[in-house]
Amino acid sequence: MRALVLERKGELSLRDVDLPLKMGPSDVKIAIDTVGVCGSDVHYYTHGRIGPYVVERPMVLGHEASGRVVEVGAAVKNLAAGDRVCMEPGIPDPTSRASRLGLYNVDPNVVFWATPPVHGCLTSQVVHPAAFTYKLPDNVSFAEGAMVEPLAIGLQASVKARIQPGDVAVVTGCGTIGIVTALAALAGGCSRVLISDVLKDKLEIAGRYPGITPVNVKSQDLKAAVRGATDGWGADVLFEASGSPAVFKGMFDLVRPGGCVVLIGIPIDPVPFDVAGAQAREARVETVFRYANIYPRAIALIASGKIDLKPLISGTYAFDDAIQAFQRAAEGRGSDVKLQIRVEAGAGG
Amino acid sequence: MRALVLERKGELSLRDVDLPLKMGPSDVKIAIDTVGVCGSDVHYYTHGRIGPYVVERPMVLGHEASGRVVEVGAAVKNLAAGDRVCMEPGIPDPTSRASRLGLYNVDPNVVFWATPPVHGCLTSQVVHPAAFTYKLPDNVSFAEGAMVEPLAIGLQASVKARIQPGDVAVVTGCGTIGIVTALAALAGGCSRVLISDVLKDKLEIAGRYPGITPVNVKSQDLKAAVRGATDGWGADVLFEASGSPAVFKGMFDLVRPGGCVVLIGIPIDPVPFDVAGAQAREARVETVFRYANIYPRAIALIASGKIDLKPLISGTYAFDDAIQAFQRAAEGRGSDVKLQIRVEAGAGG
Amino acid sequence: MRALVLERKGELSLRDVDLPLKMGPSDVKIAIDTVGVCGSDVHYYTHGRIGPYVVERPMVLGHEASGRVVEVGAAVKNLAAGDRVCMEPGIPDPTSRASRLGLYNVDPNVVFWATPPVHGCLTSQVVHPAAFTYKLPDNVSFAEGAMVEPLAIGLQASVKARIQPGDVAVVTGCGTIGIVTALAALAGGCSRVLISDVLKDKLEIAGRYPGITPVNVKSQDLKAAVRGATDGWGADVLFEASGSPAVFKGMFDLVRPGGCVVLIGIPIDPVPFDVAGAQAREARVETVFRYANIYPRAIALIASGKIDLKPLISGTYAFDDAIQAFQRAAEGRGSDVKLQIRVEAGAGG
Amino acid sequence: MRALVLERKGELSLRDVDLPLKMGPSDVKIAIDTVGVCGSDVHYYTHGRIGPYVVERPMVLGHEASGRVVEVGAAVKNLAAGDRVCMEPGIPDPTSRASRLGLYNVDPNVVFWATPPVHGCLTSQVVHPAAFTYKLPDNVSFAEGAMVEPLAIGLQASVKARIQPGDVAVVTGCGTIGIVTALAALAGGCSRVLISDVLKDKLEIAGRYPGITPVNVKSQDLKAAVRGATDGWGADVLFEASGSPAVFKGMFDLVRPGGCVVLIGIPIDPVPFDVAGAQAREARVETVFRYANIYPRAIALIASGKIDLKPLISGTYAFDDAIQAFQRAAEGRGSDVKLQIRVEAGAGG
C-alpha cells in the first residue's frame, strides 16, 4: 500500500509499504481522504525525534485524518460502508484503570498514529476501531474532518478550563493550536479572547475572527491589554499554547482572583513557575494531553457553524506532492496555519 | 417622586410617591431610563400575590432596569456620575453565611425590588449599592440594559448546567425565560438547542435564531426530536423553563447518561418526579433561584454580539403609558416576548 | 456446578447447574468464598421480579462476592492464582460511549449478576474480567470483601455529593444501604451524620458508630434535629436511602442554601418533588445507579480501618444452609443488617 | 492595653499600646485567651519582613487566637457575651468582586492581623466583625480554638483537592502546616497519607497518628514509597507544604493520571516546573492562599474528634513569658510543632 514514509531524519519517500489491514469484529476499514500536516509530523521529519520518541525504523507519518468507510466488522453498529468519517489517532486499552475513569487519553498504553514505532495514516487505507471513528455530517467536508484532531486539543483545553459564559480568555501563542484554542474558547462560552504572539501574519489571521483580539507583544504590553479588556480584574482563563518559558514570567498577573491557567504548549525543559503569584489569586492550573471524548463535540461545533476552520487551511496538496507539503511546512511560513494532503483526490467531500 | 404604583390587586396608578433617596457612602443615585415588564410584575397586578408574597400596601412595580448615574457616594470607585448602568434588583446582606459562600442570591435576607413589601424601580430615581450596579458599554443600549435581568436567569442556568462545548440542550417552555435560556445555552457553548412549547408564535420567534430548533409538542414528539438530534444518545442538558408539571413525565428519557436537568420554571405544587428514570442515567438536577455574579457575564455577552436581545423587545411604552403596557402584558399576547417602559424618555441611549 | 438457583418466584433449590466457565485472555477464574444476601436477591425470591426485570427461567442468585483466584488468562497482569479478591458484579461494554466517559455503570449494555436473565455468583466458581476483579489486602477478610458491593453504593453516593471536610449529612432510611452510606459519608469527610428511620433496632445498630446520630421519626422531628445540629443552617448533604415517597415531603427544608440531595433509594412510582423548595436553596440533586471506579476506594477504606463493616454482618450460613439464609432474610428481622453465605467454607479468610 | 510588640527586627517588648477598640453595630469585643505563635510571626521577628511586607513601625504580633466575647454590637445575632470563640484573622471588603464570588480570601483589600502595618491580636482585647468570629463548642478548648487558624489552611487545601473517599495523598513537608494538612486530608476522606521530610523528630510526631506514614527522604525514596502504597498507580493528591524548590523535581511522577497537586508552601523564587510531566498525567494544580468559609468546618471536625490537634501543642507560655515563647520558636527546635501563649491565664477553657 502506498504511503508517505519517513525513512530517517530528513528523508521522506512516497512508496509501497506492507501495512496490516486485519479487521476485528469491532473495527472498520477506511479509505483515507485527507490528512493534515501536524507540527509533530514535521518535527519527526526535521529532527528524527520528539523527546523520548525516536524514529529508529521507517515510519508512515500522519495522524489528522478523514476518510470513507469501506468495510465494517461484524459487531459494528454505529457505522456503515460509505460513511464519511474522521478518526481519533490514539487507541487506548479500554479496560485500563485510566480508561475506566474516562481518562483514556492518559492511559500509558495508548497506541498513537505516527508516534514511533507506530505507523501513521498517510496511506490509502487503515483499519481502526469503530469506537474511535466518527461520522461526519453532510455539511462537514473531508478537509474540515481532518481538522477535527487539532481542534480537539483546543476543545479539551476549553473543557478543562470549565469556561463560564461571558468569560474573557487570553491565549499565549498564535500557532495552529493557539488559534484553534481561541476558537474553542469562543465557542465554549467566552465573550472575547485576546491572543498574543510576535508573529504578525498569524496574528492577522486570528484577528479576522470576530471576538479575537490579536496582541503583538513585540509592540504591545499584554498585561495592559488584559487589564484594559477586564476593567483591571484580569482574565478568567489563560490558555498557554506557545510552550515558551518566557510566557511563564508574570503569567499570573494576567489572571483574575480564582482564575484558571491551562497549559497546552509543551516546553522542553522545566519552566520558572511563580508559585506565590499563583497563590495570591488562588489560580488553578490545568494541563492538557491530547483529548478524550471530544470528537463528537468538535464535529457538532463545526457542523453548527460555531467554529469555522476553513480559513485556517493554507494549502492543499495531492498525495503525489506530499513531500512538497512537508518541505513547505518545514519552512515554517508565517502565513501558513495548516497544510493538508488529499490522499484520495477523487473521493469528493 | 412619580412612580407606577400597584394600589391593590388589579389597580394601577401613576402618581407621586414619597420614596427615600438617602445615600450611603457606597451607594449611587440613578435616574431610571428603561424598565422591563416582568411576568412577576404582571402577576402581582392580576392576582395581588405570588405564593407567600402578598401585596398588602401600595407598592411600586418594576425590577428590570437601566439608567444613568447622577450621584455617587464618597466610597464609590467603580462608577461616576453620567455612567450608563443596569442594576441587580436584589440586595443581600453581604456578611451573611450564604453571601460569604458566594451564594448571595439564596441569602434569606435578600431585599428584592417589587417583592412585597419592597418597592420596585418604576420611578424617576433610585438609590442603589454601587456593588450591585454595573456599567453598560457604549454599544449596549438602555433597552438591552433593562434586559440583563431576565437574561441573567438564563445564564445562571447555563452556569449551573456546566455546559461543555458542543453540548446539545433542550429547553422546555418558550416564554421569555425559555428563550433567553436558549440564547444563554448557545452563548455558553451548546452547538444547538431544541426548544419546545405549544405556542407557535413564540416558537417562531425563537426559531429565527441560528442554532435554535423549535419543537411544537402539539404536533411533534419531543423525545423523537431529541433522539434524532443526538443519534439516540440524549441531550446533554435539559432546561425546564415552563413550570408545567406535565413536562416532568418522561423528562429523563430526553437526557443522556450522566446528563443534567436544570429546573428554572417554578411549579406551584410538587410535581411527579421519576427518581428511577433519573437514576438509570445518573442524571444531575440543578435548580436556579435568580442569579449571583452573573451581570458582568450577561453584559459582556451582549456587548460581544454573542447574544442579541433586540428581537425580543416587542413593544416600548412612554412612562405616561405605563399602565397600558401592563394591560397589554396581562393579555398575554402570543407574539409578545418583552414589553418595556421608557421612564426617562429624553435621556437617550 | 453446584449453585443456589431461584427456580421461580418463591422456590429456591441448591443443585447442579451447567454454567459456562470459558476463559478469555483477560479473564480470571475465581473460587467463590463468601456471598452476601442482597435485598434484590430476596425480592426476586419473594416477588419473582423487580420492575421490568422478571425471572422467567431458573436463575442463580447472588452478586456480592469474594473469593480466591484459581486461574488467570494469558493477558492478565494485575492478578495471580491464589489472590484473595472481590468482584464488581456488573460488566459493561468498555468501548461504549458511556464507558468511554468513565460512566460505565450507566452503560445500557451492562451485564449484571443475578439480574434476569443473567446468572449470579452463588456457585462454586465464576469466570470474570480481571479489570473488574480487585485484590483484597491481607487485613480485609472474605466476609468484608463480600461487603464491598453494598459499601460501593454508599461511596458512589459520597462521591456524587462532593462532600467537603466537616460537612453535616442526613441519611433518610436506616437499612443496609442507609447505614453503609452513613459510614461512607463519615469516611468521606463528614463531621457527623444523622440517620432517620422508624425501625429502632436498625437505628440502634447505626447509633453505635461514633459520629452517627440516630433519629427515630416516630418520636422525633427530623427537621428540628437537623436544625439543632447545624445552628439552623441546614445539612450540607441529604442522602435519601429509603425509597419512601413520604421522605420527599419537606425534604429541602433539611438542606442548607447551596446544599445537595443524593437519591439512592428507588421509589417504585414518581414521587412528589418540591421544585420551589429546592430552588429557594438552589439545591443540587444527584442520583446514584450502582457505582463506577469505586471498588479500590472501598477496599482502601476498609483496609485503613476508617470503615468497619464487621458489626453489620448479622449472620453467616454454610452453603448447604443457603436457603435458610434466604428464608431468614425474607422475614426482614429488624436486627438483621447483612446475612452472608460461605460457599467455600474451608477456604479460610 | 498590654500587647506583645515587635518594635523592629529582632526586638520584642511586652508593653502598653494604644489600640482602638471602637465597636460598630456588627462587631464583637473579645477578651483574648490563647494565641498561637506562627512561623510568619517568628519570621517578622527574625527578619523584619516577609517578601513585600516590611515592619516599618512597631506592630503587635499574633493572629491565631481564641477568646471570650465580652460585648456585642446592636446588630449581632449569632453571638452573646460570654461565648467562647475563635476568629478569622483576615477581614475582607464583603462587597468586593472577589468577596461576592465567595473568594473573600483573595480580595486584594483584606486586612489581616499582624501583617504590616496591621496590628495583631497578642493583646488583652480586640474588636472584630461578628461575621468572622466563630463560637467554640463546649468540648473544644481555647488551646484548640487557637489552632483552628493553621488547621484552616490544611482544610482549604483539602477542599481545593476535591478529595474523593479512599484517596491516597502525599504531603511534602512535615512542618506545622504539613502535619495539619495530613490530618485534614485524612479527615477529608483519604484512606492514608504519606508525609515526607528530612526532620526525624517532626516525622515521628506525624507518624503517631493512625493513617499517616512518615517517609524520611534522607534514607527513603519517596517515589518508591508512593508506588508501593498505590500498586504503582500514583497518589491521588500531592500536597506541597514545604515551599522547597527541590520538591518540584519529579513531583508529577508521584501523582496518578488525572491526579492533583495542591501548592501550599510558598517558595521565595520561581520554581522549576515540569510542564510535560504534569501534562503526561493531565494533573491539575491547585493553589492555596489562607482560607475562606473553612472555620466552621475546622471547628466541627475538632469537636467530632476526627481531628485531634492536642498532640501538636508543644508548649504553652503565660503572657508574661511571651518573649521566651518567641525566642524558643526562633530556635526552631525539631520537636516543636506549635507554641502557644495564654494571654488570659485565668479565663479557663
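So that you can tell them apart, the chains are marked A, B, C and D in the order they are listed, and the count of residues begins at 1 in each.
Everything that follows uses one rule, which is that a contact is a pair of C-beta atoms (placed from the backbone, for glycine too) under 8 Å apart; a residue touches a chain by one contact, two chains touch by 3 or more.
Small disclaimer: the values here were computed from a predicted structure and weren't measured.
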Those chains which touch subunit B and also touch subunit A: C, D
Pair of chains joined by more contacts [C-beta pairs], C-D or A-D: A-D
Rounded Å distance between subunit A and subunit D, as computed from the means of their C-alpha atoms: 43
Centre-of-Cα separation between subunit D and subunit C, whole angstrom: 38
Subunit D residues counted as touching two or more neighbouring chains: 101, 103
In the complex, subunit C residues that touch subunit A: 26, 94-96, 99-104, 129, 131, 292-293
Subunit D-facing residues of subunit A, complex: 51, 97-98, 101, 103, 105-108, 160, 233, 243, 248-249, 257-258, 263, 265-268, 270-276, 278-289
Contact set on subunit B toward subunit A in their complex: 78, 155, 158-159, 162-168, 184, 187-189, 191-192, 210-211, 231, 296-301, 303-306
